[in-house]
Every structure is written in C-alpha cells, then in structure tokens.
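Below are structures written as structure tokens.
Two complexes follow with chain A in common, the first pairing it with chain B and the second with chain C.
== the complex of A and B ==
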C-alpha cells in the first residue's frame, strides 16, 4: 500500500486545528483535556527542565536492559530447541505452561522479591521478551537449509562452532525480526510497569502529571511516549532493511 | 506415529513434573526465602483454600468479566470501523496512515488519560481494555479488506452488489483469517490491561488479588493468583484456536 504523505497529514492536522479552535472558543477548563498549543508548551517546558529527558533515559534503560537479557535467554533456548528436536519435545509442556502467564502478573512477585526500581522492571521486561525471540528463533533455526548443517557435520565442527559459524549467521535475518518485535514489546511492558506501580521513567511521569491535575503535561507525556514508540519502530525497520534487505522479509509475518 | 506423539507428550509432562519437584526441593531447603517463594504444595493449598472459600472464584469472575466485555466491545467496534475504512479507497488513503502512526504507541499510556476522564471506575477499565484491544482487530480488518482478491470486487461490481452486500458477502468472509488472528492478539492485550486496571483502580479481580497478597507478603496466595492468570491466558488462547479452526474450516476445505 503506497501512502501519500500530504493526504495522510490532512486528517490529523485538521483534527488538531478543530480541537484548538474548540478549546479556545469554550475557554476549556478541564482536568483531562488541554488544547494542542498548551500541550506543546508543556512539552517544551518538560524539555527545558530536562525532566522528560531523564524519564526517557530511565524508561529506555530498563526497556533495553530487559530486552538484552530476554533476547539472550530466548535466543539460547530457541537455538537449542531448534537444533535438538528431542529437547524441544521434552520441554514443550514446561514452556507452554509458563508462556501464557501475562508478564504483568509477575509484577507483584518482582515487587516483593526486588522492591521498586530498575531491577524489577528489567526482570519483567526480560520475561516478556523471551517468548517471541524463543519461538521465532526456533523456527528460524529449523528452516536453515539442511545442506548447511550437512557441511557442518562433514567439517566435524564442534557444537559451539557449529552454532557460531553456521546457525547464527544463517538464521540472523529472521532473528533480527524477532528482536524488532521484542523491542516494541519491551517498551510497552516498561511503560506499563511504570504506570502500574514503579515510580520511575515516562510511565511514572505521566501518572504524576495526571495526579497533579496537569492535563497539558499528561498529554505532552502521552504524545512523547507515542513519538518514542514510533521512532523506535521506524529505526528498527530501517536497520532491518539496511542490514538484511530482502532476506528479512521471508521471516516477517506481514 | 500416534504412539510416538503420546510417548513424547508423557515424557514432556514428566520433565515438567521434574521442574515442579525441583521447585519443591528449593522451597523445602529454603534456598530462597519462603517469603518470596512458596513451594508448589503451599501454592496448591492456597488455590484449594481460595476456591473452597469462594474468594478466588469471585476474583477470577471479575477478571474474566473485564476481559470479556472489553474484548467484545473492541471486536465489534474494531471490525465495524475496520470494515468502513478498509472498504473505501478514500478512507484508506486519508485515515489509515494516522492509524499506522498510532499503532506503536504503548496503549497503557492511555490509562492516566482515562483515569482523568472517568476516575478509578469500572467504566475506566472497560474503556482502557477496549481501546487497547481494538487496534490489532481494526488494523487486521483493514489489512484483510485491502488484500481481498481484486477479481472478487470486479465480480461484485458486475453483479451490481451494494456496498453492504460486498462487505458481508465478499470482504468479511475473505478477510476472516486476518480478523480472527487480530482477535487472538487482542485477547492477550485484554488480559494484560485487565490486570493493570485492576491493580491501579482496585477493581475486583485477580490483578487486585495478587497485589494485595504481595503487599501482605502472603506469597502462597500470590502464586495461586499468578497460576490462575496463566491458566486464564492458556484457556482463552486454546478456546480461540478452536473457534478459529471451526470458523475457518470452510476455507481449509476450499484450498
């Protein structure tokens, strides 16, 4: 589907303009809404006193740390399960029993075990990131050209080298797709944990703005969270196209 | 073949049982403080106690209710809006890009806005769950409508079918695999958002239960709640698979 940027912008811009006019005409006084110009001012203010940048750093740090840990665990399990069908079949019930637990349900456990702060958030993000990486990398390893594995066997490569020299390079494009999906999940989970309970980062910032009855600041945070989510998504798609070109498309669900 | 499958299944269950035994062992040896990690025996005991006193039943019912209402509202609205946008080329050029822009937004960020508008109420939870769950369904519907075999639309035009007839007789059936996949994704979103809303707003449900148990350091009750949430996720996704299988049987037969 081709998109025409000019036409795509008409709807959001006219909505914003209509809202601005309405807010000014009615002299909007509300705990939950603010005019677009006020939101922009609040966002500029939050940038000026660096509060939103510090919050962004906290959120992204937790999200990426969790993403890194979850990816490593998911990848290790995914490759092991992909190479050894025996292991995969033996672990099936265990994996299927743990996987459906909603990541956010672990929040109270992490809370009493680790307290507030980065650590509990990172653990929850990591848990959420393991599963997509595990499932997609397992599928990626399974779909490696069998002749490559035969070559590895003929060369009598030890298992570690087989994984490092054959499996990972061959499955890398699809592993990156899994990583991209997980990165989106990591950001969502990090913000959700912060909104639910953790006094840290963007999620805590938006909750604080709501409790302080500052709708302009609250909506400014909302817009900024949206921008971060969008930017991360675009960045990873560009990286994927640059690094792997068409190779990644075969593994992409869309 | 069939026997091998059963043997693998049994072996796999034995491995899982081994992990539970290991968990029991760790708990018994107190390698991890029992405040954080109750043994499976205590978690099971808490489950049985919770169900026999009826506490857990009402919490489970609360969570399922939030989830179901939010998800159903999202499904109906998502398919309807998706159909309107997806069936018109103009709407697709003007509206769809804005929706794509909003897609990566972490939906939980809408919670504070919903709280500011609706307070810590049941309505807030339903709004948030429906808002979060609508995206996968709506985008899948738009995608499904856009991907309908163009010749089918040509047939519709030559039969001079009305737009409604085209939607119900051609577009919806052929987009149904996409729509059902979107609905399955939304089910997970709905469960997560239900838990978050219950935690934040103190609404009756498993989310509230696990939080209260954690605050009181009743780790057995906490684990019982988490196990139930896992079961809820599992059962709903299995039910969705069965429904998908049933509803799409005609397509499988066609191919």
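== the complex of A and C ==
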C-alpha cells in the first residue's frame, strides 16, 4: 500500500504504449480489437454526442434502484433472522433453496411478467443484492455484544427501539461492508441484463457498437464501465472510513 | 429524613421484603447453578453477596434482575412474581466497556434510559446534566466512552442506572476492574447516592472488605450448587469512613469470620 502510485502506473502504461505501437505497425484491422488511441477517440465521441452519458444514467438508475430495494429487503430479513433463531430455522431451507439461483436465470420470467425496461432490470438487480446483505447483516446481528442486549432488556426498551437504537447502530459497520459488496454486484448484474436483452444503458451500448462493427466504441464502453465500477468502490470505501473508521476497527479487532 | 427511617426499618427487620427468593433453584444446561435459595431483601437495605468464583452470585443477581427465570421456586418483587426485567430495578454490570453504547456520547448513554422510560425529549438535557453531575462527571457530556477512563465509564453506567429512578439497584462486582484508589472513592459515592435515594441494593463482590464496608448484611454463598453458607449482620455505624470503619473492632471481627468461611469453602 506504500507503493508510489506513479510506479504502479508504469507497467499498465507501457503495455498500452506497446499495444499502440504494435497496432500501428501492423495496421490493425479487427472486429474485436482497436488501438488505445482509437478507443480514446471513440470515448470522446460518445461523450460529445451525450450517448454514453444517457446510457450511464440508465444503467446507474437501474443499478441503484435495485440496490436500494435489495438492501432494504435483505436488511429487514437479515435483522429478523439474526434476532429470532426460530424464524431463521423456519426460513433456512427456503433461503438456501432460492439463494443459489443465478439472478440472471430470472430474466425470462421477469421479461414475461414485466416486459423490457427499467422495472424488469431493477427486479433482477434487487434479487441479486438481497443475499449478501441478508447473510452479512444476519451474522452482524448475531455477533452483537450480548451485554448490550441485556442492557436493552434491563432498560425495558420496546422491540422497535431495541432494533433502531441498539441492533442497527451496533451492526452498522458490518452492514455497510455488505452494502459495498452489493453495490459492486448491482453494477455487474445491471450491465449483464442490458447485454443479454434489455435495450437500454451501457450494456445495450456495447451490443449496439458490436453490431455496428465498431470495436473501438465497444471497448470504449468497456473502459468506461471499468471507470464507473472503480469510482463507485473508491467512493464507498472513503465513505466507510469516514463514517465508521474507528467503529469498524473496534468491531472486528477486539 | 424518610430514607433514614426506612433504613432503620430495613436494618431492624420490621419491613416486608422488597425482593424475595423463595426456594429458588436454577438449572442451566443440566447443571444446577443455584439450589433452594431463600432470602429476603427489605426496602432500603444494602445486601452484599460474596463467595468463591463459580458459586452463583452473579446468577443470583441476574435472577433478581429478571434476566433469568428460576427453574424452581419463585422470585418476587414487592410481593409480585418477577417474569421479566422491571423499570424499578437497575443493574450495573461489571464490564462497563461492554455495557455502554460506544457510538453514543456520555450524554447519549444516559439518554438511552430516559428514552426507554418515555421522558419527553425537552426534559432530557436537564436531567442528563443533573445525573452526570451526581456521579461526578460534569463537563464530560460530549465524550465517548472510549475517551474515558475505567472509573469514569463505571460512573457513567451508574448515571444511566440512576436515570431509571430505581427502587432497587443491583451491582455485579462493579468495581472489580478498577484500581484501589478509584474503588474506594466510588464505594463512598455509592453509599452517599444510596443514602440520598433510599434505594435497596444488592451488591455482588469477591472483595470481602468491600462487602463489610458497604453492607447492612453480608451473605456468603457456597459453590456447586450455589446456596447460602453464612449470613452476617453488619452493625457498623453510618456514615462509614474508609479509615475509622475499617479499624473498628466489629469490622475486624466480621472480616475474620468471613475470611474463615471463604477459606473453608475453598478446601
């Protein structure tokens, strides 16, 4: 982690430069590859005509809406299962039977039920986001200091206040980690749905570029999706350190 | 003073018990932790429970708090069976570091008890300030538990318990983890707090001197399973004093008796 960021960039940049030189030397003509300079030009063009911005808006809207719905459902179930062992045991088989279904396998059903568009994509993203939040928040609630729950009992805190004032704050650092995981999954699933079938967003952009035989634009979309994913993760890590810097450490370490 | 009259009543044994154990037995995981324990604590009495580790003294306290339910016999509070924790009963845990909410400030931790009791939010700040002053923490309202010393954290936990306006205060080795100087200071503060509020106290400790110094009565438990082995009435004048009380011939006599008892149980 102490590596100079400039040093870390040396290898990828020289690889790019080598690729550029090779592409120019061989007068690269391909349906799947394009030189870095062509990709940059295609990206600039997509920005200039705003097409990539509109696609980004569509993808992020679906991803965030799905993430929000999935997080709320996963959190509610995770907290309930974490508090009540009885409920957890009753639901265990159901959860373990549904959880392994790849979210993308729901696509045909979602398509029949909801048609093309945001709604179908949001439902599939939400389904994918529920599980990490459920599993991790259930574990987080289980690992809350038992003494705190005794304090809540001794003070006769009503159940709703117990959840709101003790359980959620105590589990929040770990719940946020689950949220960060799910955010990455949301982006992946949203783009996958768009590539597979849904005619909107960045995934559909890649498919259009491919059908138009524009490898430069296709790769420009790929690069841009990478940038978004990276930025999202950095943003959430910064938020996590800001919000729970000390709490996250003391929650795991001691 | 009303509380002085109550204390006299308590010590002389004329009042009806506030907390009573009636042939209480507790089995956990097939093991008998406490067997056939009967005792009554009168309103305003300061009862200390001592015993070797594993004798069930903390368990007895949890039964009194309503955190455990007996598997046999009855625990009563004011003549009614205890089925769950009650607001009039506050418990001070030994591990203050785990019993305080690390994400709330000192004021926020005291506030939790007021919120649970339904104190209107407009009245809370004044009550919190008053309680923090009572336990000697004025000016620390904005600090987090992690920024406070062990003694201060235990004072904070006591403030949170006082916010419940308890009739009974249960204390589980509250000063066990503190250094000797801090401990003596807190012993005297608890005595004056209790004298002012007239609360009944059950105080669990492994420190025999502490038990005699604080209590109106000391009960020594025998281990495996926990049951009463000795009961001593402490007829030492109040207010007690760290020097003169501990030099009192009666103190020394009780101390010898209690030490002999503990030594015998450990054989």
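Definition applied: the second predicted complex is superposed on the first by the 245 of 254 C-alpha atoms of A that agree within 3 Å, B and C clash if a C-alpha of one lies under 4 Å from a C-alpha of the other, contacts with A are read in each partner's own complex, and residues count from 1 in each chain.
Note that a contact is a pair of C-beta atoms (placed from the backbone, for glycine too) under 8 Å apart; a residue touches a chain by one contact, two chains touch by 3 or more.
For clarity, every value in this text was computed on a predicted model and none was experimentally measured.
A.B. asks: Looking at A:97, would you say it contacts chain B, chain C, both, or neither? Reply first, second, both or neither.
C.D. replies: After superposition on chain A, A:97 lies in contact with chain B alone.
A.B. asks: Touch test for A:145: chain B only (first), chain C only (second), both, or neither?
C.D. replies: Second partner only, chain C.
A.B. asks: Who contacts more of chain A, chain B or chain C?
C.D. replies: The larger set of chain A residues in touch belongs to B.
A.B. asks: In the superposed arrangement, does A:188 touch chain B (first), chain C (second), both or neither?
C.D. replies: Once the two structures are laid over each other on A, A:188 reaches chain B alone.
A.B. asks: Which holds for A:155: it touches chain B only (first), chain C only (second), both, or neither?
C.D. replies: A:155 contacts chain C only, not chain B.
A.B. asks: In the superposed arrangement, does A:56 touch chain B (first), chain C (second), both or neither?
C.D. replies: In the superposition, A:56 contacts neither chain B nor chain C.
A.B. asks: Where on chain A do the contacts with chain B and the contacts with chain C coincide?
C.D. replies: On chain A, no residue contacts both chain B in one structure and chain C in the other.
A.B. asks: Under the definition above, what is the set of chain A residues touching chain B in their complex?
C.D. replies: Residues in contact with chain B: 1, 3-5, 7-8, 10-12, 31-32, 89-94, 96-98, 100-109, 111-113, 184, 187-188, 191-192, 195-197, 202-203, 206-207, 209-210, 213, 215, 218-219, 221-222, 225-226, 229-230, 232-233.
A.B. asks: If we count contacts the way the header does, which residues on chain B are in touch with chain A in the complex?
C.D. replies: For chain B paired with chain A, touching residues are 8-9, 11-13, 15-16, 19, 35-36, 92-98, 101-102, 104-113, 115-117, 146, 188, 191-192, 195-196, 199-200, 206-207, 210-211, 213-214, 217, 219, 222-223, 225-226, 229-231, 233-234, 237.
A.B. asks: Going by the contact rule at the top, pick out the chain A residues touching chain C in the complex.
C.D. replies: 145, 147-148, 150-151, 153-158, 161, 165-166, 169-170, 246-247, 250
A.B. asks: Report the residues of chain C in contact with chain A in the complex, numbered from low to high.
C.D. replies: 65, 67, 84-87, 89-91, 93, 95, 98-99, 101-103, 112-113, 115-117, 146, 164
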